[in-house]
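Starting off with a structure, shown below.
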Amino acid sequence: MYLIVVGLGGIGRSLAGIASENGHSVVVIDRDEERCADILAQYDLLAIAGNATDKAVLEDAGIDRADALVATTSDDALNLMACWLAKRYNVRTLVSIVNQKEHAELFKEVGVRISENPDEIVARSLYVWAENPETQLLASIEGGSIFEVTIRDGAEGVNKTVRETSDVKDMLYIAIRRGGKLIIPSGNVTFQPNDVVTVFTKKESEGRSVEYMDSLFH
Amino acid sequence: MYLIVVGLGGIGRSLAGIASENGHSVVVIDRDEERCADILAQYDLLAIAGNATDKAVLEDAGIDRADALVATTSDDALNLMACWLAKRYNVRTLVSIVNQKEHAELFKEVGVRISENPDEIVARSLYVWAENPETQLLASIEGGSIFEVTIRDGAEGVNKTVRETSDVKDMLYIAIRRGGKLIIPSGNVTFQPNDVVTVFTKKESEGRSVEYMDSLFH
Amino acid sequence: MYLIVVGLGGIGRSLAGIASENGHSVVVIDRDEERCADILAQYDLLAIAGNATDKAVLEDAGIDRADALVATTSDDALNLMACWLAKRYNVRTLVSIVNQKEHAELFKEVGVRISENPDEIVARSLYVWAENPETQLLASIEGGSIFEVTIRDGAEGVNKTVRETSDVKDMLYIAIRRGGKLIIPSGNVTFQPNDVVTVFTKKESEGRSVEYMDSLFH
Amino acid sequence: MYLIVVGLGGIGRSLAGIASENGHSVVVIDRDEERCADILAQYDLLAIAGNATDKAVLEDAGIDRADALVATTSDDALNLMACWLAKRYNVRTLVSIVNQKEHAELFKEVGVRISENPDEIVARSLYVWAENPETQLLASIEGGSIFEVTIRDGAEGVNKTVRETSDVKDMLYIAIRRGGKLIIPSGNVTFQPNDVVTVFTKKESEGRSVEYMDSLFH
Amino acid sequence: MYLIVVGLGGIGRSLAGIASENGHSVVVIDRDEERCADILAQYDLLAIAGNATDKAVLEDAGIDRADALVATTSDDALNLMACWLAKRYNVRTLVSIVNQKEHAELFKEVGVRISENPDEIVARSLYVWAENPETQLLASIEGGSIFEVTIRDGAEGVNKTVRETSDVKDMLYIAIRRGGKLIIPSGNVTFQPNDVVTVFTKKESEGRSVEYMDSLFH
Amino acid sequence: MYLIVVGLGGIGRSLAGIASENGHSVVVIDRDEERCADILAQYDLLAIAGNATDKAVLEDAGIDRADALVATTSDDALNLMACWLAKRYNVRTLVSIVNQKEHAELFKEVGVRISENPDEIVARSLYVWAENPETQLLASIEGGSIFEVTIRDGAEGVNKTVRETSDVKDMLYIAIRRGGKLIIPSGNVTFQPNDVVTVFTKKESEGRSVEYMDSLFH
Amino acid sequence: MYLIVVGLGGIGRSLAGIASENGHSVVVIDRDEERCADILAQYDLLAIAGNATDKAVLEDAGIDRADALVATTSDDALNLMACWLAKRYNVRTLVSIVNQKEHAELFKEVGVRISENPDEIVARSLYVWAENPETQLLASIEGGSIFEVTIRDGAEGVNKTVRETSDVKDMLYIAIRRGGKLIIPSGNVTFQPNDVVTVFTKKESEGRSVEYMDSLFH
Amino acid sequence: MYLIVVGLGGIGRSLAGIASENGHSVVVIDRDEERCADILAQYDLLAIAGNATDKAVLEDAGIDRADALVATTSDDALNLMACWLAKRYNVRTLVSIVNQKEHAELFKEVGVRISENPDEIVARSLYVWAENPETQLLASIEGGSIFEVTIRDGAEGVNKTVRETSDVKDMLYIAIRRGGKLIIPSGNVTFQPNDVVTVFTKKESEGRSVEYMDSLFH
C-alpha cells in the first residue's frame, strides 16, 4: 500500500511507524520541519515539510499513485481539504480524524471515513474506569458497548458456568482471558478468579448489565 | 464521585467535561493558567493551576476526600508520582495514561490501572482502516480483536443466515447494526446489504477471519 | 445586510470598516483576541475571538440570520470550511478569498463566489507599471484587460479624435479623465495632453494595443 | 528590465515571481533571512537580507544600474525612503504601495507612482459582491467604475440586443464573455443566459446603472 | 514650547524628561505601550502608543499646535517621514537623529536639523580617551576639535603662563577648570597641577597640538 | 594599541570599527553570538561571545597584554566588574560608560575614566536645539558650555568685527566656519551671513550670552 | 533584623521565606515582576520589581535602615555592585553568593562575606555519595571535612566503644544519631547497627579515615 | 566508576565536571541540546540530549553497566522515575536531589539516597550569617548543627584554653584553623585572635551555645 499520512502529532507518528514497519510505502506531511526530521531519523519513509493543501506538496508526496490518505491533524478544516484534494487525484481510501462532532457531516459528503474525536473516546473509557475500577470500556458502537471485567477471588460468579449466568437480556459474553490463554465462552465453561471477561451489551441495557456483572464478579 | 483529573490536554478536558456533566464533583489540575481559565468558563468544576506533584496543590484539590484520580498528561513521570502521592492519601481508584509501554510495570507496582498510549491505539485502528476501508478495528485485547465490517450490496453473504456463515473457527458475531437498530445475531438472522457487523476473532485466526469476511461481505 | 467577516487581516479589517460605515450589521471572527479588541475600538460592530469553523462560534456570530459571509483569511482550508458550514445555515451569499489557484474548483463546488489571490492581482498590476510607467493595468478579466494611460504633452495622438485613432481591432476606449471630469469617448472627442484614457483590449491583441497606445500617447 | 523589489510579503513575492518568469533580472530585498532563502529556492533571482534604506544594501542590489524599483512593504516610511534613495541613483521608474491614504502626497512629491492600499481595494470589491452577489466590482477609477454581471436564465434582457438595452446614460458595455469566448458588444449582439457582461458606468450614475442591470439581467 | 518627541529609547526618554522638567508641554509617541506607561509614571506629560507616521496619531499628539518635533528613533525612514508630515502641519522646528550618514541629505532637503549618529559621536570620544587617557575629545566640528586635558603634577607646563605656551598655530585655550572654579585663560594665567584645560585646535593641526599638550602637561 | 571593547551595542560597534580602521588590535566581547558574527563579517578584529566578567573569556581576549579596556554596555554592574578585573591584569587604561549618575563614584574608586550617560548628553543637545533652532549645544563642561550659532542674512551682527561684538563677559569666540574653511576669530575678522560661529560661555552667564547672540545673529 | 534579599531564584526565595517566618522585616528585590508577585502571595514581606543596582530601587527597599543585605543572584557583577552600594548606605552586614571562584577577591576587597558557588558544594557532596553510598560529605572547611556514615548490621565496629575505635590520627567522632536521639560520643559509648555517625577528619588523613570507617562500619 | 548524571543545571554540570576530572566514565542526560553541546566542549564525557525516563535514552547512556546514577533536576517526578528505572537495570547506587521535602518518602521507598532541597540548605546558611556575621552555619544534621566562628582580637576567650571554655553542655570543639594550619582542639590548646573555630552543638542547646560563643569570641 502507498500511504500518505497528514500530520505528525502523536497519532500521525504512531500510524506512520506502524505502516512503515509493516512494509508499506509511507509519505508523511507536516508543516513542522523538526517533526519531519525526527521521524526520518526513526523510520524508513519519506517526510515532506509543507502544507498538505498545497498542490505542489501533495504531488511531491506522490498523491497520484497513493492508495490511501489518512488525515490526523487537530485542524478539521485542513483534514477536510486535504482529503477532498486527494479524492480529485483518485486516491481510493480517505480516512480522517474529526475533531469536532459537528463537522462529521461535511467529511461524509466528501466520502471520507471518519474517526470521531479520539481524545473523547479515550476520555470516555477512563471515565467508566474511574467509576468502576474493575470494569473497562473497550469500545462503543452505535447502540452498544464492549466491556472488560476482572473476576475478584471469592466473587459469586466463580465456578458458575457461562450458561448459568446468561440470564440478562441483550448481553453477550465475547471472550475469557485466563493466564495468557483466550477462551471462547461456550455454555459450559466455568468462570475462575482473575479471569478477564469481555462482554457486549446493548446501550439500553447497559446499566442493568454493568450492575449484574458487578454482583456476579466483584 | 469526587474525581481529580491531572492534565488538561485533549483527553483531560474531555474527561473533566463528561464527569462534570454526569453530576460528579470534579477538580482539574494543570500547570497552565490559561487552560484552567478556559475550562472554568465551560463547566461547573474546580480548576487549580499548579504542579500535581506538589503537596499543597493536591491538598487544595481535596485529595484527602477524593474517590478517584485520573492522570492524563503526556509526562509519565508526572502521572506516576501524582498517582503514588494520591495513594498515600488513600484515594481508592487510581487510573493513568501510560505514554511509553516500558513504564507500564512501574505503574502496576504502585497499583495504578493503566491505559496504554492512546495515540497508538487510535493509530492502529486508522491503519487497519486504511488497509481495509470496509473493515474497522474497534478494539484489541490480549489474544483477540474486535472488528466492524459493512456489507456491500450484492456481496455473497447477503441473505445468508448467521448460522450458515459461522464456519470459521475462533470467530464470533457480536452484533448487527441495521438502519439505526441493533440486532443480537442469533442463528437464523439473515445478513442484509449495508448491515454493519461487529465480529470478534482470536489473534491467531485474525488473518483467516478477515479474509473470510472479505469474501463474504465485499 | 447582516454580514459575517471571517479573518481580520488587512482585507478583513478594511471590509469590516466599509460595511460598518455603510450602516450594515457586521460581525467579525478572528482567532486573535488583540485584533478583535483593536477593531472594536474603531468601529461599531461585534467581534468574536475564536475559530470560524467552530459551530458555537458561528452561532454566537448569528450565522442563522446572516445574509452574507465573506472569508478573508490566508488559509484556504479555513475559508472553505467556514463557507460550507455557513451554507448549511442557509446563508444566501458566500464569498471567499482563494489564496491558491488550485483550490478554486472546491470553492465553486460548494457554491462560493471567489476572488483569486489578491496579492497576485496587485503584483500583476505593479509589474505592468514597472514595465510601462505610463500604462497601468486596472483589471484583468477572462480574455481581456483594462488599462489606463496618461497622454504625454506633444504626443502624436494629441488633438486627434477618438474616431481617427480607433483603427486597432479588439480595442475599445472606455473613458477619458480630464482635469477632474470624466468624458464618455464618443467618436468626435479629441485627445488632450494629460488626459488619462481608460482602454479595453482583448487578450490576444494586448501586445498590439499597448504598442499602438505607446506610439500614439507617449 | 533590471528590477529591484523591496519587501517579500505576499505582493512582493508574487511580483518577483512574475517578473522573474518573464525573463527580467530581479533583485529582492527583505529584512527576513528566511523569506529570502525561501524565494531563492523557487525562482532564478537574487535575494538580499537587509534594510532597503541602507546604502550598502542598495548598492549590493545593483541600484546604480536598476531600471525600476517597486516598494511593497506595509511600512510606508520604508517604502518612501527606499524610493527616494533610488531616485538619487537615477532609477527611472519608481513604484510603491501606499498603505495609508494620507501619505500619498509625500510619495507624489518624490515622483513615485503609487498604488493605494491594496487591501482596501480588494475589500471594496468583496463588499460590492456581498451586497450584490451577481455583480462584481472589477476596478474603480476617478469618476467611474467597471462592473461585471452574470445574466440569469429567464432574465428580462435575454435575447435583447445591446442597442435595445443601451438607454441608460453614462453607461457603456465593454465586453461579453460567453463560454470561453470574448465578444466586443457591437449594437446588434444579443444577450444570452450565463453571459458575463463587463460594464462601465460614471460614478454619478452608478446607482441607476446597477439598478438597471439588476432589472435586466437577474 | 509645545514639543513632540518621537521614540522612547534612551535619548527620547532623556529628552522628554528634560523638557518636561523645564516646564514645557511634552507629548511622546512610541509604538511600545509599556514604554509609554513607564514614562507616564515618571513625568508629567502625554504619551501615545502608536506609529508616528499615522495621521491620527499625530493629530492626537496635537501636531497642529506643536512648536517643535524631535525624532529620536533608530529607524531613519520613520524619523524622516514623521518630520516631513510635521512640516505639512507647519511645525516650525524639526530636529532628528540621523542613524546613517548617507541619509543626511534627504533630511536636509525636507528642512530638518539633524544630529548625526549619536553612538558614533560617543564612540569617537571613547576612542580618543583609550588612546590618550589624559586627553578627552569633547566635540568635533567641521574643521576643528575641542579637547580637555588634565595637567599631571610635575609636568613641564606647570607654573608657565598661557602666553608662554601659546606657540602652536591653530590652537586656542578656551577655559581652565581649577577646584570647581572656571577661569577664562587670559595671557598671564599660570597653569597648575590638576587643572583641566579645554583647548580648541584646527583639524589640520590636531596631531601637532595633541603632541604639544602631551609634552607640556603630562 | 591592543584594545578590548566590552559590549556590541551601537557605541561598542562604532568604537570597534574606528579602532580597527585605525590599525589597532581590537578584541570585542559580547554575550550575543549573532552580534559577534556580524562584526566579524565587517571588520578585521577578534570577537568573543561570552561574559566579560568570566576569567576564561578575558584571558581568551588577551587581557594580560591589553593596553586598554573600554566597557560600553548598558549594565553598569557588568561594566564595573569587567574594568576591575582588567585592573588586576594591569591593563593601563580603563574607560567605561556609566549609565546611572549614582554609580560614578564606584567607578572612580576603582580608577576607571568614565563617560556619563551618553543618551542624556545627546538629549540635552537636542533639547537646546528644539528651543533655539539656530543655536546648537556642542558640549558641556563643568562650569561652561560650547555653542554653535548660524548667522542669519540681514542680522545685526553682519559685517561687524569680532572685537566690536565681544562686550559680553565670560563669553569667547572659538572659531568661525565659512564655506568649508575654518577661521580663528582674531579681533578684526568680520562676521558674514551663513557663518557658523562656535562660542564658549561660562554657565553663570549662559542665559545672557545666548540672548546676546540671538540679538546679534538672528 | 531588617533584611534585604537581592534575587528570587531558589536560594533567594528560601532565604526570604525563612527570615520572614522568623519574624524579621524582609524586603526582596528581583527584576521579574511575576516572581515578586508569587512571593508576595506566600509570605508577609515587601517585594520590589527592579534592578538592585538602581539607587531609587534600593531606597524604596529602605537601604538606609537595613541591617543586612544578602545578594543571591547568579550574576556576580550584580551581586558585587549591590553589596558595594549597600556599604555606602552603611548596611552593617553584607553577604553574597559568589558564582565564580575567581571573583571572590573582589568581594572580599569590598568587605562582603561570601559563600562560594552553592551548586559546586552540593555537587561535591553528591559525588562523594555516588562513590561511597554509605558515606556522606556534610561540609568541607579549609584543611578538613565532616562526614556522616551509617553502620551496617553485622559490621565489625558494632558493639565496640568509641574509645576502642579511635586509633586513627586526625579523626574525631562528633555525634551519633540513634533512633531520633543524638548522642555526644564520649569514650565508652558503644556503636549499634543503623547508628549514623558524624566524623571529622583532617584533609591530609581523609583517605585513611574513610578507609578505616569503611572497614569498621560496612 | 561508570556514572550517569541526569540533568545539566548548575549542580549537574558541576558534578559531571568533578567526576570527569577524577577520571571516572561519565554520561550526562539532559533534554536541552545546547546544554549538552556546551558540556561536551568542556569535559571528556558523553552527553545525550533526551528524556531520562525514556528507555532508549537510558540504554544509549549504558544504564546496564552503570555503577551509579545521580538525578539532579528540579523536577522530582523525573528524578524519581529515572532512579526507579535505573534500579530495574540493577544500578547499585542511586542518588537524587529532592526538591520538595514531602517527596522524600517516595524516594526512600524506591531505595534512593536523597539530598534534600539544596537551595534551602544554602539559604539557611546565609540566614544564620546575616544574623551573626561572625558565625557561619556549616551543616545541619538531625538533632545538631556545625558552626564556624572567627575570634575577634581582644575577645574574652583569647588566650584561654579549650578546657577552660568547655563548660557548656552539648557543645564540642571540632577544629581550629590558624593561619592555614588545622589544629585538633585538645584540652590545653589556647585560642588566638583570628582563629576560626569549628563547633558542634545539639539542636536543643543551639541558642545557648551561640550565645556563649558570642560572649567568648566577639
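Letters are used for the chains, namely A, B, C, D, E, F, G and H, taken in the order the chains are written, and counting of residues starts over at 1 for each.
As a convention for this text, contacts are C-beta pairs under 8 Å (C-beta built on N, C-alpha and C of every residue); 3 or more make two chains touch, one makes a residue touch a chain.
Going by UniProt, the chains are A, B, C, D, E, F, G, H = Trk system potassium uptake protein TrkA.
No experiment lies behind these values; they were computed from the predicted model shown.
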Hopping along touching chains only, can you work out the least number of steps from chain D to chain G?
3
Candidate from A-B, B-H or A-C with the same interface as C-D, over half of contact pairs in common:
A-B
Starting from the mean Cα coordinates of chain B and chain C, work out the distance between those two points in Å.
51
Chain C to chain H: how many Å between their CA centres?
73
Would you please write down the residue numbers of chain H that are in contact with two or more other chains?
none
Could you tell me which shape the graph of touching chains takes: line, ring, star, complete or other?
ring
Could you list the chains in ring order, beginning with chain G and heading to chain H next?
G, H, B, A, C, D, E, F
Residues on chain E engaged by chain D in the complex (per definition of touch)
53-55, 75-78, 80-82, 84-85, 88, 100, 102-103, 105-106
Touching chain C in the complex: which residues of chain D?
1, 3, 9-15, 17-19, 22, 67-68, 70, 72, 74, 92-93, 95, 97, 113, 115, 117-127, 129-131, 133, 136, 138-139, 141-144, 146, 148, 170, 172, 174-175, 177, 180-182, 184, 196, 198, 200, 202-203
